[in-house]
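In the two complexes that follow, chain A is the common piece, with chain B as its partner first and chain C second.
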Partner chain A sequence: MTHQLQGVLDVLTRVRGVQGAMFVARDDGLVIAETLMEGVRGKALAALAASVFGKFTWVSGTAKAGEPRFLHMQCTEGAVLVLATNQDVLVVIVTDTNTNVGLVRLEMLRAGEVFA
Partner chain B sequence: MDIQALAREFARDPDSLVFLRLGEGLRRKGDLESATAVALSGLERYPDLPAARDLYARLLLDASRPDEARHVWETVLQRDARHQGAHKGLGFLYYSRGDLDAALEHLETALAVDPTDQSVLQAFQLVRTTARTIEEDDEEPNIFAGLEGAEHGLLLVDDAGRVLAGRLGGNANTDEMAARVAALVREAERTARLLDLGKWEWLIAESASQNVHLTQPTNETCLVTMRDRSVPPGRLAFLAQKANDAARGWLEGQRP
Partner chain C sequence: MSGVRAVHPWAEKPMEMFISESGARLALLMNPTGQVFAQHGFTRAVDVMAAAALGAAIVSSTAEITKMLREPSFSMLNHQGPTHGVFLSAFESPSGPMVLLVIYGRESSLGLVHLFFEEFVNELNEANPAPVSSEPVLAADFERELNQSLASLFQD
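Then we have the complex of A and B:
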């Protein structure tokens, strides 16, 4: 399983601009598997991405918007993308500013199918 | 019967109730001094007669003594809670003071006593129209007016989680939403800082039934733009940018 997950993440990191890809436990923000470029702090990324997604889950619930699926947080020097899979696992990506987010999102959806 | 005939009748029989018609006639003629003398004369004989007190209260109001008039009308209502003249007089008195709620309450009662009284009906409609106009003027202006979804899909909150403007549709609890959004913004800022991603700019998220866009018109505020899933994220971002410009302009206008 670990080998399979790693292979899926490797595909994700081949998209231009992606600096790191991870599978993260939604509840506690712990890393399940990761493929990171040098300098990317995996544990911090996992914990913070899960936390932001958790906060958005509250927002979505309050807004009666239904179960959250995908989140894109854009910053001046990069972006964090989070996709919820069917099994309380998040696909987390960190990118630079020159990334085709639409393409990354498609790859994230494919990656999430591992947990379908 | 003209005033002179009424005056003769009153002189002939001072104990008759003709003083009510004479006093009112003199009042309408503008002879407040004579009208007041007649009213007081009648009150000496009939101190508890509501109609006599009502006449006297109207004369007090004409003489710019509204507090005394109010007091007299209130004593009338203590004896006859549905006295139309007293309710009509108090309605006018409160209207002239700007207390439209109290005015409407009294005029409504007066109208209930006699729905055919055109003078009460007209007074009631005037007060109600005035009250509605004031309510409309007092309504918070929609800072997103003219934007798509301005009525139900845009919410501006401050960094303390308080609503500044706008509203969300459906059953969303706007105040709770504002608090949750402020918490999310703080977490986004922390994430950007700790991951060396620069400054957080915006966030877009997809849920089962809605797409949500968050951005900051200023450092201290956050704008929420929500649309159903039929509005794709790219279009949502476009709408959010227009709303962001409107919010920023409004915020700049609020500065002292």
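Then we have the complex of A and C:
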């Protein structure tokens, strides 16, 4: 399973501009598998991304919009994308500023199917 | 006002940071014998004493298990319940071995607690003065020292 997950993440990181990809346990914020560029703190990113996703679940619930499926956090020097899979797993991606987010999202959906 | 009560002032700021960042509900900093240095979230002295004794006992018993297995000591233990998690970790400091017991709810996570625990240890070790010469605990002084510590932890 670990090899399979790593293979799926490798495919994600081949998309231009993607600097890192990881599977994160939604409830725990712990890393399941990761492929990150040097300098990105995987454990911190996993814990904080899961926490933000959890907080956003409150927001979407308050807005009566249902469960969040996809978060796009555009930052000055890149973006953080989070996608919830059917299981309690998040796909977390770090990109630079010139990434085709639509393409990355499609690849994230494909990657999430590994947990279907 | 801060919710952290500390016997030693150097423990207060790192604990405050940890509580604020991790979102922990309760936290207890102690040594492996159960002597409490700082606490957050406990309202009754009896709860602090019970939690410290139980936390110290868990650390002690797991240390014995690792000895039997000839393994290095466990770095942390976590129990995940439906609404609360219990995180327990022993670490080294300039004042000797320490133990942090943390209770967190659904607004936090093991990942967050573990992440900020590492920062807490670094900050505590920076704030912690050089080791003081430890004196043997005498039975005659034990109750007085315990009462002084509890008074520090629950003073208004």
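Just so we're on the same page, the second predicted complex is superposed on the first by the 116 of 116 C-alpha atoms of A that agree within 3 Å, B and C clash if a C-alpha of one lies under 4 Å from a C-alpha of the other, contacts with A are read in each partner's own complex, and residues count from 1 in each chain.
One rule holds in what follows: a contact is a pair of C-beta atoms (placed from the backbone, for glycine too) under 8 Å apart; a residue touches a chain by one contact, two chains touch by 3 or more.
Since this is a predicted model, take the numbers as computed values, not measurements.
Enquirer: Fit or clash for chain B plus chain C once both are placed on chain A?
Expert: Pair status: fit.
Enquirer: Regarding the shared-chain residue A:V94, is it in contact with chain B (first), chain C (second), both, or neither?
Expert: In the superposition, A:V94 contacts chain B only.
Enquirer: Could you tell me if A:A46 is touching chain B, chain C, both of them or neither one (first, second, both, neither)?
Expert: Only chain C is touched by A:A46; chain B is not.
Enquirer: Name the contact category of A:E77: first (chain B only), second (chain C only), both, or neither.
Expert: first
Enquirer: Now for A:V8: first (chain B), second (chain C), both, or neither, which partner does it touch?
Expert: Neither: A:V8 stays clear of chain B and chain C.
Enquirer: With both structures superposed, pick whichever of chain B and chain C touches the larger number of chain A residues.
Expert: B
Enquirer: Classify the contacts of A:E67 with the two partner chains as first (chain B alone), second (chain C alone), both, or neither.
Expert: First partner only.
Enquirer: Kindly classify A:M22 by the partners it touches after superposition: chain B alone (first), chain C alone (second), both, or neither?
Expert: After superposition on chain A, A:M22 lies in contact with neither partner.
Enquirer: Look across chain B and chain C in the superposition and give the shortest C-alpha distance you find, in Å.
Expert: Value for chain B versus chain C, nearest C-alpha atoms: 10 Å.
Enquirer: Using the superposition described at the top, list the residues of chain A that contact chain B and also contact chain C.
Expert: Residues common to the chain A contacts of chain C and of chain B are 44, 48, 51, listed in rising order.
Enquirer: Which part of chain B faces chain A closely enough to touch in the complex?
Expert: Touching chain A from chain B are residues 168, 170-173, 176-177, 180-181, 183-184, 187-188, 190-192, 194-210, 212, 226, 233.
Enquirer: Can you name the residues of chain A that touch chain C in the complex?
Expert: 24-25, 27-30, 43-44, 46-48, 50-51, 54
Enquirer: Which of the residues in chain A end up touching chain B in this complex?
Expert: Residues 41, 44-45, 48-49, 51-52, 55-56, 58-60, 62-80, 94.
Enquirer: Quick check on the complex: what are the chain C residues that touch chain A?
Expert: Residues of chain C touching chain A: 80, 107-112, 114-115.
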